[in-house]
Amino acid sequence: MSEWVELNMGPQHPSTHGVLRLKIKVEGEIVREVEPVIGYLHRNAEKLCENTFFCDNLLYFDRMDYVGAPGMEVGYLEAAEKLLGVPPPERAIWIRTIMAELSRIASHLVWLGAYGLDLGMLTPFFYAFDLREKIMTIFVEASGSRLLTNYCSIGGVYQDFNEKIVQEIEDFINIAPSKIEELNSLFVKNDIFISRTKGIGYMSKEVAIDYGVTGPMLRASGVEYDVRKAEPYLAYSKVNFEIPVSSKGDNLARFLVRIEEMRQSVKIISQAIKKLPDGPFFNPKAKKSMMIRMRGEGEVYARTEASKGEFGVYIVGDGGVKPYRVRVRSPSLKNLSVLREIGKNVMIADLVAISGTTDLVFGEIDR
Amino acid sequence: MSLLSFTYGIFKVLGYDLATFVTFLIDSIVFLLVASVAVAGTIYFFRKYMARVQLRIGPNRVGKFGTLQLIADAFKLFGKESILPRLRDDLPYKVAPVLVFIGLLVAFSILPYGSLYYIGDIFISNSGVGIILLFAVLAIMPIGELLAGISSHNKYSLIGALRAVAKDISFEVPMMLSVLAIVVMASARTTNSLNISSVVTSELLPYGILEPLGLFVFFISMIARASYTPFDMGESESELVSGYSTEYTGMRFGLFYLGMFGTILLGSFIVSLFYLGGYNGPYSSDIGLIYLLIKAVIVVVISFTVWLAMPRIRIDKFVNFGWKYLLPISVINLVLAGFLTIYLGW
Amino acid sequence: MEFQPGEEKGKDGRKIIKVKKEDLLSTLESLKKKGFNHLSLITGVDRKDYIEVVYHLHSFESNEYVVVKTVTYNSKVPSVTHLWKSADWDEREEYDLMGIEFEGHPDLRRLFLPQNWVGHPLRKDYNMKNVQYINMDEDGEDYATFDPGDGW
Amino acid sequence: MKTGEPGLITTTLEKALEWGRSNSIWPLTFGLACCAIEMMAVQASKVDISRFGSEIFRSSPRQSDLMIVAGTVTKKMAPRVKRLYDEMPYPKYVIAMGVCVIQGGPYVEGYSVVLGVDRVIPVDVYVPGCPPTPEALTYGIMTLQKKIRGENTR
């Protein structure tokens, strides 16, 4: 016991993806205990949401999972629109589906590049970001912003898809599959990568369920659970896609599940862009002058499948123009909490590899 | 005719003692400068090559195509504040980077570089036991890394140093065995089989073709010696911040940085000398240096490609690999070399 | 609005089971036995004179969703960490921001804010004007102060 | 020569050092929040910061010259930001990236956000935006280069 050395990884550390601090106790190279310390990006979004209009709260959700902002917006609006009673029209639903899936790909690409850096691979990062730039141009065209789009709004979307965006998305669908294959082969054809991930960081099904892990991490442990299928929202019940599931539960499984999710997302987008209906892109009840006068009462919980896992928003309204209480179920928080379990008795290098596969985004964990 | 006698001819008027002294002095200085510039060129080349591989442009703002980038870096590093950790071990802390860099330069001055038109054979030291000397000098550099890690009073540095030592121990033995195989094969053709230039001259067919296993072991050892990915466990940027050099600032860090790239270049020279035929080839008495340089550059490019494409291996797996695979392979290689030498008369 | 135990449907169509605080553990235990093995979220809602604690449960097998709601007047609720490990950080977070004390939690510390932060920010009576600062001691542990002092 | 007037060699050396410093700014790998993703995009292929000699992101503060404070600085993080700044060797520079870092941004009313990183450490260049585009950050770095060389930045 006395020979264990305490080591602090972070908050500034190249492998912690932001501001995670890992208090680890090492015995030589082997990590005996790991305790994540979080809260270094606690930006009190939940408190601020209580003091802001329903329509403006969207910006705090953008800044939660900042690598896949439209996905977060969709999550918030699922709840807020039910509470306020302004359902979006059909076209807006399809547009949101496309944006959410694009953001899922963008988020997984950032993760992929960062995971390469975690393992010491310098090059895949650039290839991933190169593909991600294509998504960024779509976002810029649609919303005017690259990262934090603030594109969806209550009762619809901020502006309609024009010809150019549709063309850009079609271009993206054409090049994305081959690029994803290229990225995939950069990793899985490498023996050292396989040796760093296969069988490392095993998480059993029971542990995953017990800790409330969701998203690709849960699916890699053999639970076929995806909110898009379990409780379809947006247009997910009208498109064909499969949930990638692996029963291995190790780093490699989590890696492959995410890669397969990207492929499925491309599939969803290509179906959605074909089915994109004509019509209004926002609910007339939610026109701009009405925005700040919308009142909501009661309580609503909506869950969506964000790129990290099940993203839930619980809004309680008291009949005012501002929410009474907003609570966010952050998938990354639960995914991180399991690190205490699976990060034990591994080597330091493996701890980095494992915490890499949990795909942490701190805007969402600390909020 | 060699570089030394060429210079000696100029200073002959000074008398034997003085002329010899001045010859070695001037040649060494010129040589150190050339070696430093070559290392800087390697870094520049790496940054450009890395940029190209990663769909980028690379440095292009200072000088034409950014050629002065390294000079700018050097100026900046010279001008940086030198922070010394309060609880450091003073002497080892200061000696470590110097040790790494000096070891590198000395190793460069042991190698023969072939010949070029009027200058003749280019070497500084043509020691009769050059191979032993070379690997003795190469063994100094990890000591510098170890001292740096232990003396900087930082847990990351300490773990980095421990990893570096574990790594060094596991590849040194196979490396030496594979070099021994070369000495064995060379002994059939030359009387002075520990002299590097006679070993290189004796390889009419490159030893890399005769003993590919040796080339494999030696190349991996050279990657591990230069400690870049996949074998950069001592530094491991994403795990140990910067490994043994975490606490170093300014030019002290610059020396580690130069040392790393210098070792890549040095390793490429050694690999091309011992295994790829070195400066042998048609008209080698005139343009031997060119042959060597081309081979070295090819090896450098291969090394960089490996660096950019590979993830880092875990330290225990590398130790396993070293003792369970590299060592038996190098022993087999040695036996094969002896067999070839005795029965086939190579 | 008075709190009444019973069942109702929420605005989003989810089943809400309202229980008294005393019956909370037994209800949750029986739900867990029924297959609700995924504790999604624990929420505290400050209703000024009492605090609502909401549990969102999901069952992977039957794909059902259920919301369990209880109230506490002294901001004390029994902990459910022995049923779901996932409750651990949720309860710590709610303790941190809402000030609900979960009785029986093995390691009830603040999750985001330093241990000696005064007040629980998500309470409606939290005074935002009372600015607190955070400093770091030699060991890297944080402590909150009202005094800007060193480093600010 | 009058006293106090720098000699030719000193000025030349000074110029050379400034030239070196301005063309070889090694940033610290230090991302806090949203802006860190755009900071990564600055490294990446489209807006290639390596053209200015800044592609070497050092993860140890001891070896870096520039701290890009990318993302909201919370009160819990502020002492760490200050310590990281203290660990960097002189001459060191700070770029405040994004409105959160400049004055608190959308979180300005909160209880746990620092209203501007300049309350903790001195800042050289402010890059506004939420988040600033990679081009904006590149412009910030170029402004910093001009500032190091003592040129007029307007």
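Each chain carries a letter (A, B, C and D) given by its place in the written order, and its residues are counted from 1.
Note that in this section a contact is a pair of C-beta atoms (placed from the backbone, for glycine too) under 8 Å apart; a residue touches a chain by one contact, two chains touch by 3 or more.
Keep in mind it's a predicted model, so treat the numbers as computed, not measured.
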item: Chain labels contacting chain A and also chain C; value: D
item: Labels of chains that are neighbours to chain B and to chain D; value: A
item: Result of counting contacting C-beta pairs for A-D and C-D, higher pair; value: A-D
item: Centre-to-centre distance between chain C and chain B (centres being mean Cα positions), rounded to whole Å; value: 60
item: CA centroid of chain C to CA centroid of chain D, Å; value: 40
item: Chain centre separation (chain A, chain D; CA means) in Å; value: 29
item: Interchain centroid distance [CA atoms averaged], chain A/chain B, Å; value: 45
item: Residue list for chain C, restricted to those that touch at least two other chains; value: 112-113, 121
item: Contacts with two or more other chains, residues of chain D listed in rising order; value: 44-45, 59, 76, 80, 109, 111-112
item: Multi-chain contact residues (two or more partners), chain B; value: 54-56, 237-238, 241
item: Arrangement of touching chains [line / ring / star / complete / other]; value: other
item: Interchain contacts, given as pairs of chains that touch; value: A-B, A-C, A-D, B-D, C-D
item: Touching residues (chain side chain C, partner chain A) in the complex; value: 10-12, 14, 37-41, 43, 45-46, 54, 56, 60, 63, 65, 67, 84-86, 88-89, 93, 97, 111-113, 121-122, 140
item: Interfacial residue positions of chain C with respect to chain D in the complex; value: 112-114, 121, 126, 128, 131-136, 142, 151-152
item: Touch list for chain D against partner chain A, complex; value: 28-34, 36-38, 40-41, 43-46, 59, 61, 71-72, 74, 76-77, 80, 84, 106-107, 109-113, 130-131, 133
item: Residues of chain A defined as touching chain C within the complex; value: 8, 38-39, 42, 44, 46-47, 79, 82-83, 209-212, 223, 225, 230-231, 298-303, 310, 312, 314, 316, 324-325, 327, 329, 333-334, 337, 366
item: In the complex with chain C, residue positions of chain D that touch it; value: 75-76, 78-80, 82-83, 109, 111-112, 119-120
